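Chain naming follows the written order as A, B, C, D, E and F, and within any one chain the residues start at number 1.
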Amino acid sequence: MAINAGDTAWVLASGALVLFMTPGLAIFYGGMVRAKSTLNMMMMSFSAMGITTILWTAYAYSLAFSKDVGHGLLGNLSHIGLAGTIDSVTGAPGHAIPELAFVMFQMTFAIITVALLSGAIADRAKFSAWIIFVIAWITIVYSPVAHWAFASDGWIYGKLHALDFAGGTVVEINSGAAALALALVLGKREGFKRDRMRPHNMPLVLLGAGMLWFGWFGFNAGSALAANHTAALAMINTQIATAAAVLSWVGYEKIREGKATTLGAASGAIAGAVGITPACGFVTPLGALLIGLIAGAVSAYGVSLKYKLNYDDSLDVVGVHGLSGLVGMLSIGFIATLKANSAGADGLFISGSPSLLGKQAIASIAVLAYSFIATYIIATIIQKTIGFRVHRDVEIEGVDTAIHAESAYELGR
Amino acid sequence: MKLITAIVKPGRVDEIKAALQANGVAGMTVSEASGFGRQKGHKEIYRGAEYTVDLIPKVRIEVLVDDADLDRVLDLMVQTANTGSIGDGKIWVTSVDAVVRVRTNERGSDAL
Amino acid sequence: MAINAGDTAWVLASGALVLFMTPGLAIFYGGMVRAKSTLNMMMMSFSAMGITTILWTAYAYSLAFSKDVGHGLLGNLSHIGLAGTIDSVTGAPGHAIPELAFVMFQMTFAIITVALLSGAIADRAKFSAWIIFVIAWITIVYSPVAHWAFASDGWIYGKLHALDFAGGTVVEINSGAAALALALVLGKREGFKRDRMRPHNMPLVLLGAGMLWFGWFGFNAGSALAANHTAALAMINTQIATAAAVLSWVGYEKIREGKATTLGAASGAIAGAVGITPACGFVTPLGALLIGLIAGAVSAYGVSLKYKLNYDDSLDVVGVHGLSGLVGMLSIGFIATLKANSAGADGLFISGSPSLLGKQAIASIAVLAYSFIATYIIATIIQKTIGFRVHRDVEIEGVDTAIHAESAYELGR
Amino acid sequence: MAINAGDTAWVLASGALVLFMTPGLAIFYGGMVRAKSTLNMMMMSFSAMGITTILWTAYAYSLAFSKDVGHGLLGNLSHIGLAGTIDSVTGAPGHAIPELAFVMFQMTFAIITVALLSGAIADRAKFSAWIIFVIAWITIVYSPVAHWAFASDGWIYGKLHALDFAGGTVVEINSGAAALALALVLGKREGFKRDRMRPHNMPLVLLGAGMLWFGWFGFNAGSALAANHTAALAMINTQIATAAAVLSWVGYEKIREGKATTLGAASGAIAGAVGITPACGFVTPLGALLIGLIAGAVSAYGVSLKYKLNYDDSLDVVGVHGLSGLVGMLSIGFIATLKANSAGADGLFISGSPSLLGKQAIASIAVLAYSFIATYIIATIIQKTIGFRVHRDVEIEGVDTAIHAESAYELGR
Amino acid sequence: MKLITAIVKPGRVDEIKAALQANGVAGMTVSEASGFGRQKGHKEIYRGAEYTVDLIPKVRIEVLVDDADLDRVLDLMVQTANTGSIGDGKIWVTSVDAVVRVRTNERGSDAL
Amino acid sequence: MKLITAIVKPGRVDEIKAALQANGVAGMTVSEASGFGRQKGHKEIYRGAEYTVDLIPKVRIEVLVDDADLDRVLDLMVQTANTGSIGDGKIWVTSVDAVVRVRTNERGSDAL
């Protein structure tokens, strides 16, 4: 089948954009921790790029996107080592793209999802344990969940027919639930609640947020897998929801705490982009505005839960990705409309039927539960065997020096 | 020979520098610090959690003066650093046994 | 009408690129101010992203690009809430793109234009006043001016037939004139002329310049709204003029002050890109080279005007965007050529007729005057009511702590 | 000939991506030196962007890509000032793109190649000497070598038929060999071997690596000059080799020195991307994995050679670009396969014939030798006339203050 | 009036601050430093080259105390800073001639 | 016991450190500072405006020595810091009442 060069150009560009998100995340997270563990934080993202790429090539793409082994649970091993992908194509007739462009595009999703988790265990994880964790998690958690919701014969996408345009389940709820499990298994940082632990370098945080915002256009609009109306809709919806959540987060803060912070603006941007991720191809621009406003406020409130419930989700993966991911998935059940995308569905407010909402809830809860439980087990096994957490003294002095023999800054020379 | 050490608000450095230069003081050394004193215990809510902010950015200013100039320079610095609000800072004076100008190896008052 | 996937891919990519310019500007400006007001500087850009997106969605796109209400002055309200844009297309036959891709692309222009203004009021603006200013300015200044010069029934584009490929009037002269008005209304910073106020973090400034340079390809070449010869011409012209202005600015400095500075290189890049913005689709590569050389030298001289004329345009919006924008608009009147683009026109040096130059001058002066006067009035009203400027003590201690309860760096932890 | 909008969109996007690599390199290199010479380091990249663009426009594109003057050694002067490029096209039938898009794309390669060389002479080069060097080097070294390997009538590409998809010779071996010559001519930094000279800002280094990784997709996949199967293959191969080299570099370090460093991860990424550059369009994904693993380990070892052989290639241009470039070029001779790309060839392991390997070796050695000798001569002439190196006192106090009258940070204000 | 200057490990600042506050010490000033002492000569391999690492990050803590409080505060700081491992740091005491609170121009013990 | 405080050019730190180590000095503490002295008033044009540059980056070096070693170490530091050009810096000496090694609670000369 002849490929469409325009659609291919857009998917290639999108793959590059999404890959760029992980260095962006490294910067975002790296600026948010204290100077003494900045490099370790960034290294968790960079190592995730390294390992996940190899796993994806070796077998994870196959597990996620090869023909289903049954019940929509997992793909088979026919694409091991990316066998059979070099000349094949994927996509609708007239809009075919090289399968390798799709392999690449999807790989970047796997990378950033596992990298996101590192935010929950800032300042205190053993690097060797992290490496093992990434391997196990991509294999046992990410690949099946990606199959469920992204493969046409996965149970969420192909059977349940829940809607998830760009990864509200696979990326957002999945990372939020797994982050909670990790935070619980590793326990709290020294000084949690007592010390301020404020971002050591806010310009880096804002830069990282900007890189993520930019890359998210590839993430969401690229998920159309074509340069078409739906891609344009997904792009503008992403922009609108992201912007709206900046305002609602900052507004929430201003009311609650009296000050609009730049960390709030950056966090709001992420929350909005997360919220619109599953919905961007199925709702109108005004629907996106609504989702952004809700996601920003819900996550602004959600990040304080860790102090109340006493888990140290250090950089707020649960509060931002988990909660706003849920907001996005469930919002679809209310406001999705065939007017935005004839390949979508009508939500409760349009059709009057709760059927779509039910599907969205089932998909969300299934991914949440599976991810939390499986991650909890994986992390506990690592904790009980080689140990997941560094020694208290190392944590206090800072992991960068102890683990990587480096420090982030030597400005005085 | 005396060393005056002042811990003051960062925003006051330019004024103090100008005042010293205007009054013929030969030099000064500035470095960054932070601290608490009376100006502490101020609570801050940040991302839904309440913290006590207690290390507030300050600047350290050091000036070497002849004994004869001490009172004049000290008063000048106190006045210029003063904004009347809490956290204005502390100034203390210590005795110096010897001073050397590196370039010329001059010692004592000549080295200032 | 069937959309062209290749053209759509390019416009989508360009939208992402231009959006990326605003975080780039935040970094560029944030590095240029003193550490104590870095976050506030960046927050002005991030909040501009938030607010402008919502306004554009709500009504500003409609004011700029809906059918003209008369005399080419303003669009009507038919696209309020982006009504009627979801399935519609825009562009030449065979080169149609989704209207939403165009909405998105143009939105990113509005965002960066208002964000640029913050450079004139560094270190001393109330954040609440800034928010109100952005709302008023996008509504009263940006939307009409965008209609004049970018809408086919706007008076500059559709009636006067002045040439402005990518926003020499709408973005550059507009921001330069408005920045001057703002600087005059707010007054000078404490220590203006007395203190050095040098950039606190030059690597950030250079990074920001790099991000802007990169994004500018979307800005200029994306303005072709197609992946065609004109887009390629616009892109290489952008590169050439930007590069030439780096050299002419740095050369000017070297001669005048004895040193080639990195701030000069970064500023030169912006000046060159500004200068070529209106011209990139209408001149030859050698024409672009000439415009770049002139723009770099003119702005290098221009930034010292504020000391002579005594207005505190803190980060040189007037000297860089205003002056180089004028250089670009007027240069078209001399060196535009139909050989570069048959949809353009011949300038004085080719046709021998001053007619195009006259049109360019009229367009430039009209935008300059309208923008300066309207902005001056808006800013004065804000100043006289809620106040636009922070208290002197806050300014001296730094706005970051006072307004946002944050400081940019806590490197020692 | 009608242009293909999809292919054009991809090449335009790729041109922007590759251009972005040079600011990325400035950040990467700038973070790696000591704070006192950061700006000078970044300025070498920014000035390379300025100068090379003008040279390319004036005559270097013509030298590289105009019709051959004989023996595949150099292009003629027919495209001086980019004459005759405005409406012309290039590329296969049905896949034509505007020649100006190609001019732009190739220009970005020239820029980054010369900018790379600055890494060998960190902290100690006169800025005026650098400017003159760039002019001479682009003219005498880069343009002919680009003609040899990238022009269809160049001797390496058109006659020898060695394979070099995206610049293993022109960019990588060329910069590695030239860097060695420069390091030898300028001599060692004060304190080489004695002082630690560690990166002053590792987050910048990692950011720069991320920007380079991102831009490299344009570099490699854009070299297909179309949005097709080969572009997709080149992109995923780039990702795989880059990731693999991160792991092999970091693994090598862990074994040899006991710690996995973030500088190792960043350096590994560059080594992997370098290694796959010539090969990305000719090998399978598993081949790319192999090349990445080898390149990472070879360069991890290679960077310690300078201490043994006593040349101060300060930021490891020889060890990373030279060695991994060789790895890439020679690997093609073993594992290239027509299955990956029918326009390629079969290597020794597939065909059993050493013929391709021989061609790869000839091309590599020819470029290495020419580049080393010509650069050595250019640098020596500059050294003996105006002097290439700053005074010892300037070097100790830091070149930023002395040459540019600036310092990178003034964080305390 | 005495000035206690302590050069300690960066990780101990929060504990020392808490201990001082708990024991009624009126204030302290913190700044960054680096140094070597016994904790030197440690070899490090970095990118294939071996170096001697000799300037290790430290924090300087300064506390002004009345003569009567000196021993108590000094012991408190020594105990809190101690981790028992090399590089724990040095503390020294100097005499102060005068102290001024900038805000009020109070002098001597009242200024603390 | 004496404390030698030197404000010197940043580029001299490595040499001074090496000289101290070579001469058996037990330790030193380094921190960043800036200052003016004779080396002031130098005019600079920057973006078309003329400024007086007056706070020039310096490094503060502190060394605790026994009274007996003072002269030797002081002379050593003056010599090593000297480049003969303006801005070479100042060195001053103050008396120290007590020194403690945190790790062992040793006092006085033993603590050095």
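Assorted remarks:
The rule is simple: contacts are C-beta pairs under 8 Å (C-beta built on N, C-alpha and C of every residue); 3 or more make two chains touch, one makes a residue touch a chain.
Every value quoted in this text rests on a predicted model; they were computed, and no experiment measured them.
Just one of D-E, A-E or B-C has an interface built like that of C-F, with over half of its contact pairs in common by residue number: D-E.
Looking at B-C and D-E side by side, the one with more C-beta contacts is D-E. With centres set at the average Cα position, the gap from subunit C to subunit D is 33 Å. One inter-chain figure worth recording: subunit B and subunit E are separated by 18 Å, centre to centre, where each centre is the mean of the chain's CA atoms.
Subunit F has its Cα centroid 44 Å from the Cα centroid of subunit D.
For subunit C, the set of residues touching two or more other chains reads 4-7, 9-10, 13, 36, 195, 198, 201, 207, 257-258, 261, 263, 405, 407, 409, 411-413.
Counting partners per residue, subunit B has 10, 31-32, 44, 46, 83, 94-95 as the residues that reach two or more other chains. Put simply, subunit D touches subunit E in their complex at residues 193, 195-196, 198, 256-258, 261, 263-264, 301, 303-304, 307, 316.
By the touch criterion given at the top, residues 44-49, 51, 53 of subunit B touch subunit A in their complex. Of all residues in subunit F, only 1, 3, 17, 21, 26-32, 64, 94-103, 105, 111 touch subunit E in the complex they form.
For subunit D in complex with subunit F, the residues that touch the partner chain are 36, 191, 194-195, 393, 396-398, 405, 407. The part of subunit F that touches subunit D in the complex is made up of residues 9-11, 14, 44, 46, 57, 83.
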